[in-house]
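Quick heads-up: structures coming right below.
Okay, so subunit A shows up in both of these, paired with subunit B first and subunit C after.
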Partner chain A sequence: MLNRASSGSRWRERPDGRGKVTGELAYLTDRYAEGSLIGRILRSPHPFARIKSIDTEAAKAVPGVLAVLTHEDVPGVNRFGIVIQDQPVLCEDVVRYVGDAVAAVAAETDEAAERALGLIRVEYEVYETISSPEEALRPDGRKLHPDGNVLKHIQYSKGDVEEAFGRCAHIVEQTYKTPRQMHVYMETEGGLFVPEPDGRLTVYSPTQHGLKDRVQIANILAVPEENIRVLSSPIGGSFGGKDELNVQPYGALLAQRTGRPVRIHNSRAESVRAGIKRHPMTIRMKTGIDSAGRILAHKVSVLADTGAYATLGGEVLTNALENSLGCYVYENLEIEGKSVFTNNGVSGEFRGFGANQAIFALEGQMDRLAELSGIDPWKLRGINLRKENDPGAYGQEIYPTDGARQVWRAVLASSLKQEESRNRQDVIPDKPWIKTGYGSAIAMMGTGLGKGIPDPGGGRISLAPDGQIEVAFSYEEFGQGLLAALELMLIEHFGLFEEDLRLVIGDTDRVPESGSSTAARTTTMMWLALGKLVPEFKGKLFDAARERARLPSGQLTLGQGGIRLEDGTPVCTFAELAASGEPIVCEMSTAFPESPNGDFANRFLFVQAGTAVRVEVNELTGRVRLLDQYHAVAGGPVANPQGFLGQIEGASGMALGFTLTENAVMKDGRYAFGNLDAYLIPTIVDQSKSMRVEAIEEVPEGDPYGPRGIGEIGSVTLAPAIAQAIWNATGVRVSELPVDPALLQKSPQYLQEAVQPK
Partner chain B sequence: MIDQTWAERAAGSKLECEVNGKAVSAEITPSTRLLSVIREDLGLTGTKRSCEIGRCGACMVLVDGKPVNSCLTMAYQCSGKKITTIEGLAGEEMLHPVQQSFLEEGGYQCGYCTPGMIISVAAMLAENPKPSMEQIEEHMSGNLCRCTGYGGILRSIERAIERGGQSDDRG
Partner chain C sequence: MALNQEELLRSPAVWQPRSIEEAIGMKEEWGSAAVYTAGSTLLRTQWEAGTAAMPRHLIDLGSIASLSGIREEEGAIAIGPMTTLTDCRSSGLLAEHAPLLVDAVRNIAGWSVRNLATLGGNVVYRVGDAVPALIALNAKLEWHDGSRLLFESAEEWASSSYAVPRLLTSIRIPCEEDDPTSNTKRFFAFHKVGRREAFTPSLVTVAIQGEAEEDGTLTKLRIAAGGGQTTPVRMTRAEELLLGAKPDGAGLQQAFEAVLEQYEPRTDPFATDLYRKRTAANLVVAALWSQSPSNASKG
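On to the complex of A and B.
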């Protein structure tokens, strides 16, 4: 099991740890600049409406107000979006969700800004809200965008599904529904925007890819990219939610207009209203097996509510469909999916990226087929598992992986599974309404952005003038432990010393393009980049040291603080080397490994997870408690044990909320809540029970890819495992998340007897 | 009986209190919250702003040794009180044992809930050095963490209990 004891000296204090436990680490929303103004945003009160007029005169007249901006004041492109730029910075004619921005205000005080917001008069012609994908698809419905209401439609098939269903011994057809989950990063969106004396603009605001933000902000402001510097780490949580722009356009525009620093920090209510969420999906699956349990046919249809704008909705759908096939092999397949615009907020990137929804459905199918056929559910999965050299879900070539079988075996051998097979039932004699049950699930997830999407990597290593070895990547630290993984990798694998290192991230002036911190890609990308950079860098250091010390060619080594002869005799310090000659810099760019073939944005490098759980269902209240959980994760060599464990534990916690309590309920395009009193994420009470994580590190011989990203896979297997455990405990099948307690409440015979004596 | 006009009541007054062992005075209005005095006036940004309705615990500080959500505490209520923020928890040379436990066990990820979490644990252990799991659950259920799934936090609490108020780290 992965824990502190089993990790030995690899369990280390994180480089960013001390600042975090002392409160000294300043987040970007903690920054203040002399003379800062407050920035605020006026958002649409309607889910869907036409703007007839905007009058800002009264707002501009409020004492202390320095700028009131509308669409007319956007000097550049009045649109943003990571892939498709379809979201207005400030709406000109139509508002499409209740978070749409109509005006932005900068004022000396929050009170003045608040007053100004209240005095901006916007006349709307209110349209009927399109509050579901089904409504959006009606032929007579109003279009949200010029090309209609379908953001993306994907179809793929192989073999002859209908013929194969005819040969099936058992067929399960079921519709699954998943919730609109909110990221709930503890730090809401915000930042500081500072016009510099040299005419540049410094943006201190969290994002998952500072260089990408720089491009988007430059386009909006109509200034060259070089005139903008984005500082984007540290971040108080993101989980995908801060990858897309949020407050940056407004802070930047207001700072540009007023020439003064501007601070914006969303209230939680504004974060709820404007922020992206996980896509609610309706997934219909029809799956058939023969009498031996082999899958003969699988049919999938996904309908995703992508909300008002594209952001990464199309990419999420692609990944959902890829994951709707899991780690099984199919001869006959028909999958289809639509991501549809509605007036329900904006759905976008969120840890798991569509896999959470798809795996809940797929694993639900396997459990139902097991029940129908009488085959043990885990054995049924085993019968259909892919083998090491099988192609990917769409037939694309993928890097060989036996991870599916490895995690399947690990789960089978786990104490929880053993306990289940002994059919242990915790019956509490005086509480017969408490039922316990077991469940398990398996998943396989691609890392990287997938074929066809630019997926750059790269990095820089250099000797700084003060003799520190600077290692720079365009990645961000939002808590996942990127810095800790990088530091450990540099020490253990590349032979550098902690004291000599300076890790540089999150500053567009100081980092090369290494791509985004998304899609569980950064650990692998750092590994691949350093594998090329470090040997080259060491070679340059040795050459410089030889030249400086007039040494003949011969073996040198790198020690703490400087270069040494093989016997340990010091040759020179890094500081001396830095002072003595040409700068020593190695930089490279590469790309995340991708499949050489395939039709979609399908992945090449995969990780797998298997999860077993025991839950308790209270049939009086309908409440479910997670009592024990085991996770086996095949992600190659563990880059950083503390981070690995923390990622799986944290992802599981997020999945627990997705399964049992979290749903950003909307009614007619409006959120039915505004804060964490009515949107319930798990507390310590929900997660104080036993949890074990096992890392399976085995990879094919000669593997070049090193540690895989495991930041997302931990969030996809828990929901189906809990659903199966609920069935095991109560006989009730759950097909809609979060689990509705009413479904599990029973009015048992003995209670009826108690109130109605014979 | 109304003995003040609205204007008089809404006008500023002075808050005199002690923050992290130092005497502090700040101009406040009747609606000023302790959170804004700490973050905006004193620049102590270790105390975080998150839900602002007392649900998440990110803004927790000690007022006369008791943990409170500073977003729900009015500044005027703190007159003459001793306030400890995360910045004031460590000693001159050493981290507070709870801070050290969080550091060693990795009881944090993004770190945004961490100051409030550590304040809350420190307050719990000051009152009850050996809490049961039920007591830990009850005490800590007002501190939300979205990153860790509470695993590292529970291990940090366990470690802090073992440590019994002792810190051997010279931070």
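On to the complex of A and C.
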């Protein structure tokens, strides 16, 4: 088991731990600058409307107001979006959701900004809200975008499913629905935007990819990229929610216009209204097995509500479809998915990236097929598991992995699974309405962005003038433990010393392009980059040391603080070396490994997880409690034990919310809540009192990829495991999340029976 | 940061009267431009949500010493309305004489809120989770209207609507001495069902206090149900059915149906009427089932 005791000296305090736990750490949104203005955004009150006119005269006349901007004031491209730039910075003619920005104000005080917002006159012609993908797909429906309401349509097939269904002994056909989940980072979106004396603009604002923000902001402001500097770490949580631009365009435009620093920080209510959410999906699956349990045919249809703009909706759909196949082998396949524009906010990137929805459905199918066929559910999975050298879901070549079998075996051997086989139903005599049950699920998730999507990596290692070894990546620390993992990797695998290191991230002026901190890719990318950079850097250090000390060629080693002879005799310190000659810098760029074949966005490098749970259902209230959970995770060598455990625990907590409590309820394109008193994320009381994580580190011999990213996989298997446990406890099948307690409530006949003398 | 003139003018004035009379005088003078504040935890959420406007005057009751503390007096436990929920939760007197209220208070909000929030604030909110418990405990409320004291039961308060400015000055829970010759057993139950396990708005809140003979005959029973924005009320029909009876399966079924019929929850987008009704009815019936001698012994 992975825990503090089993990790020994590898269990380290995080470099950012103390500041975060004590609250001493200042986030970027805590920053002020002398003379800074307040930036505010006027957002659409309507989910869908045409803008007839915008009048800002009265707002501009408010004392203390320095700028009121509309689309006419955007000097560059009035659009943004990570992949497809379709979201207006400031809307010109149409608003498509209640968070759409229409105007931006900079003022001396909150009150002046607030008053100015109230005085901006916008005339709208209100359109009928398109509040579901089904409505959006009606042929006579209004189009949100010129190309229509379908953002992406994917189809893939192999063999002949219809023929194969004819040969199946058992077929399950079911529709699954998943909620619109909110990221609920502690730090809401915001930033400080400072015009510098040299004409550049410094942006202090959280993001998952500073260099990407720099490109987008430069395009909006119509200035060269070099004129923008983005500082983006530390971040008070992101989970995918801050990868896309949020307040940055407005802060940057207002600072550019006024020449003064501008501060914007969303209230929770504004964050709810404007921020992206997880895609609600309706997933229809039809799956058939033969009498031995082998899957002969699997048919999948996904309908995703992507909201008003593209952001990463297309990519989320792609990943959902890949994950709708899990880690099984299929004879015949037919999968299809649509991501559809609606007026329901904006859906986008969120930890798990479509896999959460797909695995809930797929594992639900396996459990229903097990019930139908009488085959044990775990055994049924075992029959269909892929083998080490099998191709990927789409037949693409993938890096060999036996992770699926490894986590499957680990779950089977787990104490929870053993407990389940001994003890299918506990009965508490004085509380007959409490029912307990067990469930388990398995998943396999690709890391990296996928075939065909630019997925750059790289890094830089250099000797700074003060003698510190600087290691720089364009990654961000948003709580996932990146800095701790990087530090430990440098110490353990590359023989550097903690005291000599300076880690540089989150500043576009100081980091090379290493790509985005997303898709569970950073750990692998750092490993690959350092594997090339560190030996090269050491060689340069040794050459410089030899030259300086006029040593003949011979073996040198790296010691704490400097270079030594093999016997430990000091040769020179890093500071001396830094002062003596040419700068010593190694930089490289690479790309995330991808499959040599396959045609669309499929992955190459995979991680797997298997989860077993015990839950309790109270039939008086229908409420479900998670009592115990076990996770086996195959992610290669553990880069940082504490970080690994934290990722699985944290992801499981988010998955618990996805399963039981969280749903950003919307009615006619408007959120039915505005704050965290109505949108409920789990608290520590909702968490299971026991949780064990087992890391399976075994990888194929000669593996070049090192530790895999496990930041997302922990969030995908809990929901189906809980659903199965609920069925075992109550006999009720859950196919919609979050679980509706009303479905599990029983009327009190059993009380009558129980009260009668036996 | 220094406040500018405009901000100063817009901020409410905070007054700290030293006596009940002074507080009431202020309220009478400013009327709806003034609001009494206790812990301000509820007001804060209302201001933030925009469901209440920040008034011009806040009358902070925190400096009136007589409004705080928990005392035993004249056969009752008297709780000052300014007593924080945390103090109620850790009170030995309440644990001994009104554990039902301690259970209720423990289920309100989270630690940081309970450290500030007061029992009086929860009562005046009317749909607070302490109110069903106080109804079940047959608590009395003492109010001051500026000239005299007014008394009413928690039950009357919950179902009334008042406009006259008055101030809650005491919450009294009757203490019944145990009769050493009696074999009756007291029982109570408090259930709050939300959408998560802690720090949750209530969907359904149920409080029950009763007494039963050794053979299970119910001699006293008060059942109150509220939750969410539902005004807490007594489930009188179920009480009538059960009092004097030894509830068996059929009796509990009737009680279930009586609660289902009498409990009228107010809905929101997060749970249906039917779910709330069934939850309230299930919890009431299960509590009565649990106290019946034949079932309690199963534990």
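The criterion applied here is as follows: the second predicted complex is superposed on the first by the 745 of 758 C-alpha atoms of A that agree within 3 Å, B and C clash if a C-alpha of one lies under 4 Å from a C-alpha of the other, contacts with A are read in each partner's own complex, and residues count from 1 in each chain.
Basically, a residue touches a chain if its C-beta (ideal position, glycine included) is under 8 Å from a C-beta of that chain, and two chains touch if they have at least 3 such contacts.
None of these values were measured; they are calculated from a predicted model.
Participant: Under the stated touch criterion, which partner chain does A:236 make contact with: subunit B (first), subunit C (second), both, or neither?
Facilitator: first
Participant: After the superposition on A, what does A:184 contact: first (subunit B), second (subunit C), both or neither?
Facilitator: After superposition on chain A, A:184 lies in contact with subunit B alone.
Participant: Between subunit B (first) and subunit C (second), which does A:665 come into contact with in this model arrangement: first, second, both, or neither?
Facilitator: Only subunit C is touched by A:665; subunit B is not.
Participant: Go through the superposed model and pick first if A:675 touches only subunit B, second if only subunit C, both, or neither.
Facilitator: both
Participant: Among the partners subunit B and subunit C, which is in contact with a greater number of residues of subunit A?
Facilitator: B
Participant: Now for A:685: first (subunit B), second (subunit C), both, or neither, which partner does it touch?
Facilitator: both
Participant: Would you check which partner chain A:9 touches, where first means subunit B only, second means subunit C only, and both and neither mean what they say?
Facilitator: Neither partner.
Participant: Under the stated touch criterion, which partner chain does A:555 make contact with: subunit B (first), subunit C (second), both, or neither?
Facilitator: The answer is neither, since A:555 touches no partner chain.
Participant: With both complexes overlaid on chain A, does A:645 touch subunit B (first), subunit C (second), both or neither?
Facilitator: first
Participant: Show which residues of subunit A both subunit B and subunit C reach, each in its own complex.
Facilitator: Touching subunit B in the first complex and subunit C in the second, residues 675, 677, 682-683, 685 of subunit A appear in both lists.
Participant: Taking the touch rule as given, give the residues of subunit A at its contact with subunit C in the complex, in rising order.
Facilitator: Where subunit A meets subunit C, its residues are 109, 111, 269, 429-431, 433, 619-623, 625, 660-661, 665, 667, 672-675, 677-678, 680, 682-683, 685-686, 741-742, 745, 747-748, 751-757.
Participant: Spell out the part of subunit C that touches subunit A in their complex, as residue ranges.
Facilitator: The contact residues of subunit C facing subunit A are 4, 6-7, 10, 45, 48-49, 110, 193-201, 204, 247-250, 252-253, 256, 269-272, 274-275, 278-279, 281-283, 285-286, 289-290, 292, 294-296, 298-299.
Participant: Within their complex, state which residues of subunit A touch subunit B.
Facilitator: Residues in contact with subunit B: 4, 11, 13-14, 16-27, 29-30, 32, 183-188, 234-239, 265, 267-268, 478-481, 642-643, 645-646, 649-654, 656, 675-677, 681-685, 687-688, 691.
Participant: Quick one: which bits of subunit B touch subunit A in the complex? Just the residue numbers, please.
Facilitator: Touching subunit A from subunit B are residues 39, 43-53, 55-56, 58, 85-87, 89-90, 95, 99-100, 102-106, 108-115, 118, 133, 136-137, 140-141, 143-155, 171.
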